[in-house]
């Protein structure tokens, strides 16, 4: 890991919340506009954040708080590693750990809503984990390495050879961003049969921590999307923003589905697409047949 | 010490101890009688490791009289299986036992020339040493654990006469048999020890002599006998094709011609039955009725590993053949489906059993992939799996003896009741599940190995691996979740809180040792450079892992266990230390505004009556239950096995 | 809309007959007539109504028809807690706590309830 | 920092709405406030639906005898600073239900109220005015 | 299997009103539902005995702010029946106009809430946006948005003059355009179908036996609508009930969607046929001794009212059986066996109104 | 086909429907009922309004001929039904468009429109 990588990684840790918070604000603004409303100012997320920080602490159990810190710190670690151009597989594993911390947080208090939310959250992990891992594999097949740095060295945009993988990643993204139709464990909007699902029992500054983590997550995910057009990177960034916009639209044109649907869609479509894409590469750019 | 002596100790000391133990019915006496040899065993295995690591493989051909002894014992053993079949009126056991006896007699006395002898009979390379370490260190610790466990167990069952001597006879003797399996080079010897483990397995499962135990034991027996038949057939065919029964010869030839493929496939089949791979998984699930040390020792860390050991041992032989692809697909398939099946399980030991099968599937898959990286991952997985799964089984055993239940639902909020034990359990599961720990390192390496197109079927393999590892997350995370689900202090302490069980010495020894091993697993790099890479090299592969700077690097990826370990430990430990909650800050949970002060979350419901809110685990029984999946899983498993055999015949 | 008047003993039979004619209970109205209650059951027969009138003394028991026709349970519970009419054997009995809470007045609809007496 | 937090506070009031036996008239007007025509999200208002996350407790309805305890519980589950807004004649005084036997009449009988919004049903404009008023109160809480 | 028991409500973001369903689940499957009601009970029937009968118009329409107009209408018609008052024709037609307008606002509101129950926020917004125009129309013609207070015993209080009628038509055209943009989403959207088709099935005979009324009953194949009785001016407007046959949540949605359009047409027809004449008949005296019943069709089904007068300004008994009350048994029959995520959808599919249910 | 798409795109690129209240005042329909004013100068203290008010929002204090007689009006109890305005013999009660203003205490209005809080009522 070169000094440059360290620098970028650390810079990302500082800047990600700003970008993420702003993007979430844009999300709310655009969503409002799509619903024919004016919507909140784009800085709204930061107001929310600081307001939450200023509330009195109200907690249920200690465990819940500990895990939520883990959630934040591990997500930050994943962000750092992605920007420091480390191994994609490891980044996804760390992300899974972070996600699990959120679930543990939800599980660590005996509250029906947060626990059902936790269960649904693991179902979500079951849905998107394979897609992410397989996407990493597909990228590997193109670049010959699992390291993010390899993608940059690869030069040629991945999107051209991995279009279906990209689509699959979009499915995973929808789940990860908690957007309709897959906002089943905790919806970003408040109206859900599980109240706020995994976040139900958090309040005040711990909710702010979760919000912060979401910002990091958002940046991480969009950065991953940008990797599909890593050279030149500005196209990748535009691509990521376009994808984000697409997610907003999808969020606004679909109803929430149930976990069974989510699982079948992400496995059949997501995993299926990646499989087809890999076969496509094999046939088109064919490594010779081996047995 | 000379290698020969070490080998003798490792095989014979357990047997001797077992025999001695049979005579001792006094618990006080039994303790030193068993603990001492165990310590010796551990020491011997460590010494052997250094010896082999430093001076290369050991060979040993005992005097010819040993061959005779073994032959006699073998015949007795096979006859005993037939006897069991007759007495228990079990057609399958009877049939398969008889078949084995016939096959063996034919092989020994008809097909093989008289005086046929395999040189060397025992061959101890690094792979064997790794297995031996697992068997002797983890195994010995489990045996020591068993001392206390069985006391409590019998106290709980209120037995009039102790049956512990029988238990320890098989348990300790088993260690010797197991070492025999991994040391054997002669397939004839291997077969003997193999059958010996089957015998121990049968008796240990039926130890409690309940109807369920008997049935499970018989099921385990016939399935293992089936494996024995496959093994024997394979031996016969091998001899026919190549005139040898030495593993060294078979693997040493490098990639063999297609003549040996069928026997190799049959050996793998034998391995699958031992490793309880689909569709033979039912015997292992049934075996969970046995006392927990048995599950930990035989059914997770060692005996089932004999199956994958055989497959792994033969890996160089089928490198680049049709077998690799099928094995990889089969292993990955088992890895996936058993992980999925585990999602619907709420009996803790069944979850562990499924996850064991799944890990073994992964080893088989890696053996199938058959590259240096894959083999390294497989060896690492054998080590890490034995340690972690052993730990979890033992923890479950303690929990079970305390709460008298194996049901994960009854472990809800265990962290308040048994903080130490549940802490160990959580740690164990985290170590299994997450970076930067050992098991995940193998998944990392395994995925990379699977993604390097080793065969045209590799996309299928990676898909299975990806889905399977995600499924693993589901049941482990949920289990941890059940353990840590506690009542908010605002709602009073839960009613069931009571003092922790007395921490007896052996518990403490076992757990501190195992937890220590867990921490060591975080230091994967030295382990790889010191043991795993040499093993891979010794098996004839090029080492794929670079360990400079104690990082782990493959040509395709980079992973720094210790660095991540430090960061992640800080991310979890610092909050745990720094976060404090004050009593005035705690509030009850959200119950739609109908909270009612009581012990635990309670809401006012119909007719203003308070009703406790329950937070059960969700097991998605309909989607992942055995009922809905088993037919598919077994069907696909059988198809894959048929493909395995048919493919090599055609 | 011809009205059927039955004694409380015949209630079950009559209701059963109506149900057999594919009628269903629309609602029941309880009236406090000072010394006795009057219960008016209204049945739907298609879009029409069939009234059924029963008189019960204040401390007499009225058999529930909820065993014959489950939806009646809610209505009977309501009558029971509003008037204190003794309806026995309701399929789902809320014990007088369906609409009324523990600190609500008991039998609020009764004429002689001083807590809820009609003003002026 | 305090200044920032106070500013954020009035920019991001999250609502939990509880209906204490109202006739729905005021509830739907409150909901209407969230919809495009009135869009109170302009002020950062979210109907968050969970007392633990909320800053504003908006109550409609006259509080009946079973609801009393629920209202109290919700109020206590909200972390401070919190503000209570009573919407509609019912929530202020009991309104037309003043002589119903199961009604307490006015939520100030149960919890302290900071802002009263009159009307039956309270109009969205009145509710917005009320919430703006509540924000002033919120800013003043130390 | 392990059990999960928790309260769903009284305060819950997807339940706008206070009701508790105490759910017991195995996995995510609901195995037992206990309804806990009484959170909205005020005691209106008793209050109606305490008030002068005239004031009860205002009290009754505040049983529920969503279906308020028809509550008032129903009470007025009940009193007219009891006191034998002839209502002038213009008043009868105006009543139909407002009834149907309030049905439109109720159905739009419901469609929005349904959309919200499965997380379709933008659709919720869209429905409520359309509804605002209906409310505007109501405000313009009656003076208030949700609780109109425009019906009195003997007739109506407000007139719709020619100018207003023209404006009303314009507004309705706007609403129609918005409805036309929204309804296809409910009819065809894949995700909505996934969430509603086959959820909470109520077979035809069960629907009748369990006492369901209104759209809940009509979605199970019964052409059963109190408007067919021809009260107010319905008899003259040519009314046909809307029927669907599948009996699931989707069918119930479709019934309401089609009724929305039907109501729009009914309003226009009533406006076209609006006769000239006085707005209200004079009322003399007090309710005589005797009984009367009145049934009207609320947005949620049949509203049944019974009154008994005793020759004083106060009624001796006023009984109100609301449609939700009748639909609850059907709801309880539909819920067990569904998933937790289906609970809000199925609960909403009967369009429960707890304020009405408990009065 | 995402059937909602045309709707949201139309919204996105059109102007929002939002009324910018409170930054722009709201135009109420003529004849809508939102506020009540009592002109005490016109009032003859007949007490009819008190008697017919369905929610007891008006209270008369003192006898009609009493010099201190006054009526109090409580906007927080009023349901804006306009019955009082209809029935007042001297047309002293006006019901106006707009909405009654929220307050942090329940103020009632009496003589000379001085605000009273509820507790101050004699």
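Just so it is clear, A, B, C, D, E and F label the chains in written order, and each chain counts residues from 1 on its own.
By our rule, contacts are C-beta pairs under 8 Å (C-beta built on N, C-alpha and C of every residue); 3 or more make two chains touch, one makes a residue touch a chain.
Bear in mind that the values here come from a model prediction, so they are computed numbers and not experimental data.
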item	value
For chain F, the least number of touch steps when starting out from chain C	2
Shared interface partners, meaning chains that touch chain D and chain F	A, E
Interface with the most contact pairs, given as the two chains involved	A-B
Separation of chain B from chain D, taking each centre as the mean of its C-alpha atoms, in whole Å	59
For chain A paired with chain F, centre-to-centre distance based on mean C-alpha positions, whole Å	51
Distance between the centres, which are taken as Cα means, of chain D and chain C, whole angstrom	39
Computed distance of Cα centres, chain E from chain A, in Å	43
For chain B, residues that touch 2 or more chains besides their own	587-588, 590-594, 606, 608, 613-615, 617-618, 620
In chain D, residues with contacts to at least two other chains	18, 35-37, 39, 42, 47-52, 64, 66, 70, 74, 77, 79, 95-96, 99, 101-102, 120, 123
Per-residue overlap in chain A, given as positions that touch at least 2 other chains	32, 34-39, 56-58, 112-113, 115-116, 119, 190-191, 195, 200-201, 252-254
Every chain pair meeting the contact rule	A-B, A-D, A-E, A-F, B-C, B-D, B-E, C-D, C-E, D-E, D-F, E-F
Residues of chain B touching chain C in the complex	606-608
Of chain C, residues touching chain B in the complex	94-95, 97-98, 101-102
Chain A-facing residues of chain F, complex	2-5, 8-9, 11-12, 14, 16-18, 20
Of all residues in chain B, those that touch chain E in their complex	346, 409, 591-594, 603, 605-606, 611-622
Of chain D, residues touching chain C in the complex	64-66, 68, 99, 101-102
